[in-house]
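Lettered A, B and C in written order, each chain numbered from 1.
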Amino acid sequence: MTTQPVKSRLPGLLLLAAVLVLLALMPLMVNNYWLRIATGALMWAGLACSWNILGGYAGYINFGHSAFFGLGAYVTAFLMNDPFGLPFLVTVPAGMLVTAVFAVIIGAPTLRLRGAYFAIATWAFAEVLIQFASAMDFTGGIGGIGLPPYLNERFFYFAMLGAAALTYLLTWLLFERSRFGLKVKALRDHEPAAEAMGINTALVKLQTFVLSAVTASVFGAIFAYWVTFINPKSVFGGDITDQMVVMVLLGGLGSLWGPAIGGVALFVVNRLMWMYWGDTAFYIALLGAAIVLVVLFLPNGIAGLFSGRRSNALEKAAGKLVGRVDEGERP
Amino acid sequence: MDLFLQTLLNGLLIGGVIATFTIAFQLTFGVLHVIDFAVGGWVVLGGYLGYYMAAGLGVDGFLAIPAAFFLFGAIGYLIGPILYNVRNSRTARPELMALALTFGLFTLLRGGMLTAWGFNTRNVPTALSGESLALGPVTVPMIRVAAAVFAIVIAGGLFLFLYRTRYGLAIRATAENRQNAALMGVNIRRLSANVYGLYAGITAMAGVLMGAVYSVNPEIGLRYTLFAFFVAVLAGLGSVGGALVAALLLGVIEAYVSTYVGSSYSLLAIFATLFLVLLISPKGILRRGL
Amino acid sequence: MTANRNGYTRRETLGLGAAALAAGTLGMPFVRTARAQAATFKAGVITSLSGENILGGNLTKQGYDLWADAVNAKGGVEVAGEQFKVEMFYGDDQSNPATGADAAERLIVQNEVDVLFGPYTSGSTIAVQPICQKYQVPMISGSAESPNVWKAKPEFNFGIIPAVDTTSGLSIGVLAKQSNPAAKTVAVIGVNEPFSKETGEGFRDGVAAAGLELAAYELVPPDGDLTPVISKIAALNPDVVAVGGHEEILINVVKTSKSLNFRPKALIMHYGITNPAFAQALGADADGTTGVVVWLPTVAYKDDVFGTAKEFSDMAAKKLGGEPDYTAAGCAASGLVLGDALKRLGKKPALTPEDRVALKDAIAETDIQTFYGPIKFEKDGPHYHDNVQPVPVLVQIQSGKVVAVGPKEAAAADYIYPLPAWK
C-alpha cells in the first residue's frame, strides 16, 4: 500500500496537463456554439465544486446555494447599470464582498443546525431572496435587469475557465493539502470528537461556508454578464441548487474531481439530449432516467469508476462510520 | 372584523390543504430516513388521475380518491425496495444518494407527464367544487373543508394505526431504532416498501384534492415539494402531529400577511418565519419525532 | 489492495475507456453535416416546451408550424420565380433566459438557420436579442407581448403582437363603455411574474385613463394561495375585477371566487382564457369571463397563404383540435412577414450574412395585409419594431364560446353585464 502512491500519480498529472492544454486551446478547435456549451460546462463544474466545498468536505448540505450565485449576479448587474456604470472587473470583487458579508450573517446562526434542518434552512434563505428580489423595485422586481451586452464569447470562456481553475486549485490546496482540510474533514466525520480535539468547529465551519459562498458568487457575476439578462428565478431559483447537488452526487461527493466530472457530464448530456430530442419535452424524462440509472449502478458517483479499490475501501469505512453517527444522532 | 374572521378561516383552510400532502411525507422520513423530492410528482399524478376519471368516465372526482390510493400505492410499493436499497447501501452518504434518486424520479415523472399529457392546465370537478356555506359573516368554501377533513382523518387514522396496532408498533420501533427493530424480528425491507406504498397512495389521494381545490399541470409539482419540505422541517422531521400544526401556522401567516400587509409579501413572510423558527428551535416547533 | 503492474487498477482502466468513449461520442457533433441537396430556407424556433411557460410556449410553436406546413403545402416560399421549402429547427428554452440564449446560438451556428422565430417569454427574448445582433440574424417574435422587449430598441427583432401595455389598458375603457349601468370601481390583481405583472400594471393605468376608481391593486406571488386576496377584494365589492396572469392562475381565480361565493359584475382576465382548455377546465363557470384579444377567427381579414381568418381557424382547428387563439395566429402571421420579406429581397437560400442584414431591412419595411390584420412595424419610440396596428377586442365566454363584445363596431353579441350569480 505504501509503495503505490508516488508511482501512480504520474499518469494523473499527465492527464491533468493534457486536459488543461485541451481547455486552453478549445476556442481554436470548436465553433461558437460548442464554445458556449463549454463555457456553460465550466460554470457548472465550478459551481459543483463550490457546493462540494461545504457539502462534500464539511458534510453540510446546502440547499440554498443559488442564493450566493444570485447575489454575485445581482451585484454585478446592479453596479454595471446606471447610475454606477462600473466596469465588470470591479463588480466581481464587490459581489464577492457582499456575498461574504451575507454568508457570515446567515452562516453563523444556521451552521448550528444539522442535516436536513440545515439543508431546509438554507433553502428557505434562498427562497426569501427570490421573494425579496421579486417584491422590491431597486432589484428590477420580477422583470429582472439587463446588462450591457458584451459579445465576446472567448472572454466569457476564459473567464469561466479561470474562475473554475482557481476554484479547483483553491479547493485542492485548502482541502487536500493543508491542516485546514484535515480539520474540516474531521468535523464532517465526527463533530463532537473534532471539538474535543480542540478544533474550533464553529469557526472552521463558518470559514468553509464563506469560501463556498464566495466562489459561487464569482460564477454568478460572470453568468449575469454573459447571458446579459437576469431575473430572480433565473439566478436564485431552486433548480440551480438542485442541479449543483445532483452533479456532485453523480460525480462523486467529497472528492476533488467528482464535481468536475458530474458537472460536465450532466450539463453536456442535458444539452446533447436537448439538441437531438429537444423538439418535445421527452428529453426531460430521459434525463430523469439517466439520473436514476447512475444512482442505481454507480452508487459512488462517476468518479468512483476512476478511483482505485484502495480509496473505495476508505470510503466504505467512512460510510460505516457516518452511518453509525447518523443512527446515534437521533435523540 | 368580518374580514378578520374570514382571513382566519382562509388561513386555517390553507393550512388544512397543505397538511394533506405533508402528513404521509413525514411518515416516510420517519421510517425510511429519505427526504423524498418526488412528493410533488405523486401529488400531480393523483390530480391527473382525478382529471382523467372525471373527464373520461364522467364520474365525480371524489371517486378517484380511492382509485389513486390503490394505483399509486401499488406503484410506490414497487419503488419502495429500490429506495430502501439505495438508502442502506454502503456508500459515503446514502441519504444523499437516495435524495438524488428521488430527484431523478421526479424529473422522469415530470418529463413523462409533459410528453404524455401535454401542457394544458386541468381541473378535477367534484360535487363540492365551487360550493360554499354562509356562516354568519364568513363564507366557507366547501371543497377546502373537504381537504381539511381529509387531512384530519388521515392524521387520525395514521395515529390509530401507529399506536393501536402491532404493525404500527413495528413501524414506530423501526423509526426509533432500525437495528433493534430488526433484532426483534421486523422485516425492515418489507416494512419500508409498505410504508413507501402507503405514503405514495396517501399523497396521490391528496393530489386528487389539490386538483379539485386548485388545478393541475405537469410543471406544478415542484411547488408541492417545496411546501412539503418546509412544513415537514417546521414541524420537526418525522413528526406526523407536528405537520398539522405547522401547516396551520403557515396557512394563517400567509392569509394575514396577504390580507393586511400585501399579497406580494405573503411568501416572503412564510419563508422568513421558517428560517427564524429553525434558528430559534433547531428541531422544529414540536421538537420530537414520530 | 494491490494495483496492476503498470499502476492502474482494473477500475481505472474501465474508467479511462468510458471517458474515451464519451469523448468520441461528444466529438461527433463537431463534424459539420453538408447541406441537403434541395435548397431550403431554414428557420429556427426558440420556445418554452418545458418549465412554467409551457402553455404559451406550445401555442407559439404550433403557430409557427402552421405557417411552415401551409407554405410548404403550396410548394414553398416563392423567390425570383422559384419555390423553396421551409425547414424548421427547434430549441426548448426551458422557460429560462440562459437556455434561450444557448438555443439561439445553437440554431444559428449549428443548424445555420437564416432567420429565427422568437420565444414566448420576454426574459428569453431579451437574452436572445444580443445573439441575433452578434450574428446579424433577424428574428420575428410572434408572441412576445412584454413592453420591456422593445425598450432596448432591438435592431434585429420584430414583434407581431402589440405590447400588452397598449392593449390591456385600453380594454378597461372599452369595458366601461360597454357596461350598463356603467362600471365605476375596479380591483386589479397582477401575478408577480414577468408579463403578468406588466399586464396588471396595464389594467391599473387603464383604470385611471378611463376615469374609473381603483379599488385595489394587488400583486400576488405565483405560488401563493388566492383565498386571502379574493376575500379582501370581495370585502371592497368592486364592480370589475381585472386579473393579469397565466392560465393556471386564471383558472384558480375563478374557482376560488366561486368557492367564496364572490361574483363581481365583470371579471376580465389576460392571458389565456381564449385557449379552449380554459373553458374545458371550468365548464359552465367559465361563462361570463371577459378577455382581451388582438385577433379573433371572426375578423374580416385575409391573405393568399391562409385565406380568410375563418379558413385559417378551421385549418388550425383540424390540426390542433381546437380553435386557435391570437398567439397561434400571431405566430403564423410571423411566417407571412418572413415570406413577404424574402420575396421582396429576392435572394435564394442559403442566405449570406449580407443577405440576412438585407432581410432585416426588408422586414423593417413590411406593410402587408394578412388574415391576422395589417402588419407594419414601429420605426421609433418605446415600441420600436413592434407591430402596434391591431386594436384590442373585448371578448366574453358565452355558453362556452368566445365571442366579441366590444368595442361596438366589432361586437358580435351583447355584453353580459352585470354577471348573474354563481349557479
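Operating definition for what follows: a residue touches a chain if its C-beta (ideal position, glycine included) is under 8 Å from a C-beta of that chain, and two chains touch if they have at least 3 such contacts.
Just so it is clear, the structure is predicted and the values come from calculations on it, not from any experiment.
**Q** If you take the mean of the Cα atoms for each chain, which one ends up farthest from chain B?
**A** The chain farthest from chain B, judged by C-alpha centres, is C.
**Q** Which of the two pairs, A-C or A-B, is linked by more C-beta contacts?
**A** By the number of C-beta pairs in contact, the winner is A-B.
**Q** For chain A and chain C, what's the span in angstrom between their mean Cα positions?
**A** 35
**Q** On a C-alpha centroid basis, what's the spacing between chain A and chain B, in Å?
**A** Between these chains, centre-to-centre, one finds 30 Å.
**Q** At which residue positions does chain C touch at least two other chains?
**A** 49-50, 54, 192, 219, 221
**Q** Of all residues in chain A, which are in touch with two or more distinct other chains?
**A** 131, 134-135, 280-281, 283-284
**Q** Could you say which residues in chain B touch two or more other chains, in rising order?
**A** 110-111, 114, 226, 264, 267
**Q** For a test of understanding, state which residues of chain B touch chain A in their complex under the given definition.
**A** Residues of chain B touching chain A: 29, 33, 35, 82, 86, 89-97, 99-101, 103-112, 114-115, 176-179, 222, 226, 229-230, 232-233, 237, 264-265, 267-268, 271-272, 274-275, 278-279, 282-284, 289.
**Q** Over in the complex, which chain C residues touch chain A? Could you list them?
**A** Within the complex, chain C touches chain A at residues 1-3, 7-9, 11-12, 14-16, 18, 22, 26, 29-30, 49-50, 54, 90-92, 96-98, 101-102, 105-106, 108-110, 122-123, 126-127, 130-131, 133-134, 146, 148, 152, 192-194, 197-198, 219, 221.
**Q** Show which residues of chain A lie in contact with chain B when the two form their complex.
**A** Spelled out, the residues of chain A in touch with chain B are 59, 61, 109-110, 112-114, 116-117, 119-121, 123-125, 127-128, 131-132, 134-135, 238-239, 242, 245-246, 249-250, 253-254, 280-292, 294-296, 299-300, 315-316, 318-320, 322-323, 326-327, 330-331.
**Q** Under the touch definition given earlier, write down the residues of chain B that touch chain C in their complex.
**A** 2-3, 6-7, 10-11, 13-14, 17, 110-111, 114, 118-123, 125, 129-132, 134, 139, 141-144, 213-215, 217-220, 223, 226, 251, 254-256, 258-259, 262-264, 266-267
**Q** Sort out for me which residues of chain C touch chain B in the complex.
**A** Contacts found on chain C: 49-52, 54-55, 57-58, 192, 218-221, 223-225, 227-229, 231-232, 235, 247-248, 251-252, 255-256, 258-262, 275, 277, 280-283, 285, 422.
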